[in-house]
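In what follows, a structure is listed as structure tokens, so that the remarks can point back to it.
Labels run A, B, C and D following the written order; every chain starts at residue 1.
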Amino acid sequence: MRAAFLGLGIMGSRMSRRLLDAGFGLTVWNRTPGRAKDLVQSGAREARAPSEAARDADVVLTMLGDPASVREVILGPNGVLEGLPSGSILIDLTTVDPETPRELEKAAAEKGAFFLEAPVTGSRPAASSGELVLMVGGEAEVLSRAEPVLKPLSRRIVHMGPVGAGARMKLLNNLIIAVSMQALYEGMTLGRQGGLRDEAMLEVLLSSASASPLLKMKGTAVQNRNFETNFSVKHMAKDLFLAVEEAHRRNVPLPLLMTVHALYESALARGLGEEDIAALVKITEQMSGLNPSV
Amino acid sequence: MRAAFLGLGIMGSRMSRRLLDAGFGLTVWNRTPGRAKDLVQSGAREARAPSEAARDADVVLTMLGDPASVREVILGPNGVLEGLPSGSILIDLTTVDPETPRELEKAAAEKGAFFLEAPVTGSRPAASSGELVLMVGGEAEVLSRAEPVLKPLSRRIVHMGPVGAGARMKLLNNLIIAVSMQALYEGMTLGRQGGLRDEAMLEVLLSSASASPLLKMKGTAVQNRNFETNFSVKHMAKDLFLAVEEAHRRNVPLPLLMTVHALYESALARGLGEEDIAALVKITEQMSGLNPSV
Amino acid sequence: MRAAFLGLGIMGSRMSRRLLDAGFGLTVWNRTPGRAKDLVQSGAREARAPSEAARDADVVLTMLGDPASVREVILGPNGVLEGLPSGSILIDLTTVDPETPRELEKAAAEKGAFFLEAPVTGSRPAASSGELVLMVGGEAEVLSRAEPVLKPLSRRIVHMGPVGAGARMKLLNNLIIAVSMQALYEGMTLGRQGGLRDEAMLEVLLSSASASPLLKMKGTAVQNRNFETNFSVKHMAKDLFLAVEEAHRRNVPLPLLMTVHALYESALARGLGEEDIAALVKITEQMSGLNPSV
Amino acid sequence: MRAAFLGLGIMGSRMSRRLLDAGFGLTVWNRTPGRAKDLVQSGAREARAPSEAARDADVVLTMLGDPASVREVILGPNGVLEGLPSGSILIDLTTVDPETPRELEKAAAEKGAFFLEAPVTGSRPAASSGELVLMVGGEAEVLSRAEPVLKPLSRRIVHMGPVGAGARMKLLNNLIIAVSMQALYEGMTLGRQGGLRDEAMLEVLLSSASASPLLKMKGTAVQNRNFETNFSVKHMAKDLFLAVEEAHRRNVPLPLLMTVHALYESALARGLGEEDIAALVKITEQMSGLNPSV
């Protein structure tokens, strides 16, 4: 089975490495060429265009920045679609709005190919260790054919429903993350203003029933003022807006989503887009009259 | 070492049982007398008034509903204070505002006694198994003397700072719980309206980095429509308002707290006060035009 | 000077009548044919297609439901553009997103025609009496040529800037209306729950510095439980979402907009879309445990 | 009829002047003595203590900063109550929580005196010109006896209901003002970020149905960056928190109140307490990445 992987950013490069290590013949492509060097040294072939990357693959995976890039790389000139073999499977791992995957499914079908969406949860370390969780939308039969390629990337593959269901799951997962972590920042800021030490607060929180790996990660980031990017503010802001659009499409009133979305807009407006979502604590702090430099 | 325990509700009755099982001589008291029966059969002595319960105790623990009850049972006529022996330790486990513990400390000192506040996190099952987390405010030396009584109740005792710090920690902990769980309900409602099954959503969420024991508990409650009370809406609403007051006292602007507080007011207004906080999902559903019967 | 008017809904039919009464030769068009009858009896000509309506007009005005209808009626097959004479002026009065007018301007220019956007503020009665306020985007020179046609419709014509500026003004105007009126509903609900009579509350409010014609209109509507549509919930909800998108485009965090938008989603979800925006009071009431039938 | 006026701040000094000009014999008192000089030169008598001011008055008016001052000046040592003649009327004009007036009514009754609450709407200029609106709580008969003293102060006297109803009306009036003006600031900030000029925006807004004297006043203040205090941030913040408490007392969920309250907390935290409520625009601006110096 031969795979192609397009998009070698923080996540994509690590996922490509996993596929190589699992023994797949792999063709890679990235808009900026330099990113493929290490992978090529380990045996990957680098294509000069998405269409070329797709040409001889059984499974084509894409992990790109946003719906616009997805459309361009797949549907644009010299895009994946031009080379996509009949009978192959195209899998988009990007977090996109729930409409895009349906377009892609249709486009793939016109070439006699199959389509799955498989947005992921988990960040850099989980990509490196193959412990992502995949939220798959598409037909069950296609998913079972694609599983050999997806297993090296993930510790869990959940079939959410037809194409579009994966994107919806991803959005609601990120909604929950954004709101929960902001709750942490609100709580810690309230505590600090009342004289509590970060260390003691985290000791309680991490031994309480609301302890989660994420709470530990972001709580520690706040404590150490370390905002190195695992999940960037701008990516989360994008997902939150997609969730706002999805909620609007279905008339679901979600006050906490709306509130946290405004805080992410503020973070973007204040130049925090490239930092980790832990940096949202600075918005809470600044509203509290602390941290005037942000 | 002889202990007294006042307040035999859902939590207090289980904590008293732990102390008995740990071998402490125990005097208990509850406003409504019937509650002590099982404990008395196991060797506890039942006092007829708080003052009498305190009379011969080395450590007096109180676990009551709200600040008003705490004041009445401790400071009121025939209250704990009237019987509190010099040199003994009074420990209030109730979740109260950050001002009340300071009053109690002063009152205890006037009797030559010591005071600790020790609000808990964890619900019914953790009370039964002695796996609560205690957020202690008070002097380190007093805490070390009280530890033999606190250990059978808890898997973690965190010293937060002087009296008042425990109450503040409890409030921010509950703020985080209320907001995070509401995020879960918003996410699940958005998913359902988009055709996702609860089961698949929870499979993803519980294998993601935001998985916590609480998320599992409340997610499952929502899936099974089981709103049996572990932590009641009215208690959480009380704590959220205490957090609103604390935030006001220190001018900390907390938009998510404010938003979730309004949703809890709605839950109270709609008669959900006695249900579990998982019932807040009904408010999200109702705003979405579902679940008209609530 | 010959005018064409497309879109004969609540607003458009009244505006067409004003143009007829002012002596303009008028061609009208509406998707559903019956709507033109009265106007035709008063001397208007009814076109069978948008292209035909535009054919011999100096000024073509459109007042349609949403951006999609605008695009279809102007840019679609047999659309306005196909008949738009070189040198004529196309004026879109619909409330749309800030991007649509720029497309229309470009399209008109390709036909040698000119374009203005002129969204309006004011509802049914102001349309009847020619007392709308027009927020015009476009070149000053084009506006001065178009003024004879705009004057019978309006008591104020404000030049906001280049094409797109009018749409932005309209969105922010509606944002202010939606939030202010919701503030009124929150205040009145709080008052009622505290035993105040609507009549006394409105007497104070209408003699205070926050009294406005709108506050009077909606306050009285609430008092009389009369939700006859002047400005429908679904139109406001559409505008609020356009404002959310505009805010997102420019990263402007607007917490009140986000909060009120969620309430409008709730109103749509509960079937209030066709009622007047005064009906939003029912959402506040329902969250308060009142008005269970909504 | 002899009057006493206690509290000679921005509002109180102007109201006292109105009573003097209307020909009432007037005794005044202020905590800081210097404030009475001009009034004394015009014929007022200055008392050295609240009790002394009340001693020979038929009507005693108080206009103080907050509930705590009200309690101290009226109920404290050498307070109004000590001197309040039987049969006299005590009128508190301060904006307080709905509970305080009920205490005052009881206290007055014990002295054989009568009580009205009469919080006002209108700011400095309205106090000078006697154009305040009074929201009176108390018995209708007492109000009709007090009217001669209230008329020189006000253009409208609205009887809201029993004691407490006036305070509630005041709170909801301020809630509406705070939210509506914040809507204005959100709208203007959105417009500015999209290139609209303040002048054009205000021209539309002030000729639209949402135009109010307040919108004109605050819109102009924002346009001119003139934040001279008519109604201070700290007073509004106090009233908003009283509204939050009142809403909590009655379980009325008010999302916009909660949201705007958080913004006022932010304003206090950032040192804007003494500025006019128009300065809240700076919070919206700062969240948008503008105005970093605030």
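Please note the rule applied: a residue touches a chain if its C-beta (ideal position, glycine included) is under 8 Å from a C-beta of that chain, and two chains touch if they have at least 3 such contacts.
Keep in mind that what you see is a predicted model, and the values were worked out from it rather than measured.
*Asks:* When you check each chain against chain A and chain B, which touch both of them?
*Replies:* Output, common partners of chain A and chain B: C, D.
*Asks:* Name whichever of B-C and B-D has more C-beta pairs touching across its two chains.
*Replies:* B-D
*Asks:* Just curious, how far off is chain D from chain C if you go by their C-alpha centres, in Å?
*Replies:* Here chain C and chain D have centroids separated by 37 Å.
*Asks:* Calculate how many whole Å lie between the centre of chain B and the centre of chain C, each centre taken as the average of the chain's C-alpha atoms.
*Replies:* Using C-alpha averages as centres, the distance is 52 Å.
*Asks:* Taking each chain's centre as the mean position of its Cα atoms, how many Å separate chain B from chain D?
*Replies:* 39
*Asks:* Please set out, as single numbers or ranges, the residues of chain B touching at least two other chains.
*Replies:* 247, 251-255, 259, 262-263, 266, 269, 287-289
*Asks:* Would you tell me which residues of chain A are touching chain D in their complex?
*Replies:* So the residues of chain A touching chain D come out as 255, 259, 262, 266, 269-271, 283, 286-289.
*Asks:* For chain A, which residues are in contact with chain B within the complex?
*Replies:* So the residues of chain A touching chain B come out as 98, 121-123, 126, 133, 135, 155-156, 158-161, 164-165, 168-169, 171-173, 175-180, 182-184, 186-191, 193-197, 200-201, 203-205, 207-215, 217, 243, 246-247, 250-257, 259-260, 262-263, 284, 287-289.
*Asks:* For the complex, which residues does chain C have touching chain A?
*Replies:* 241, 244, 247-248, 251-255, 258-259, 261-266, 268-269
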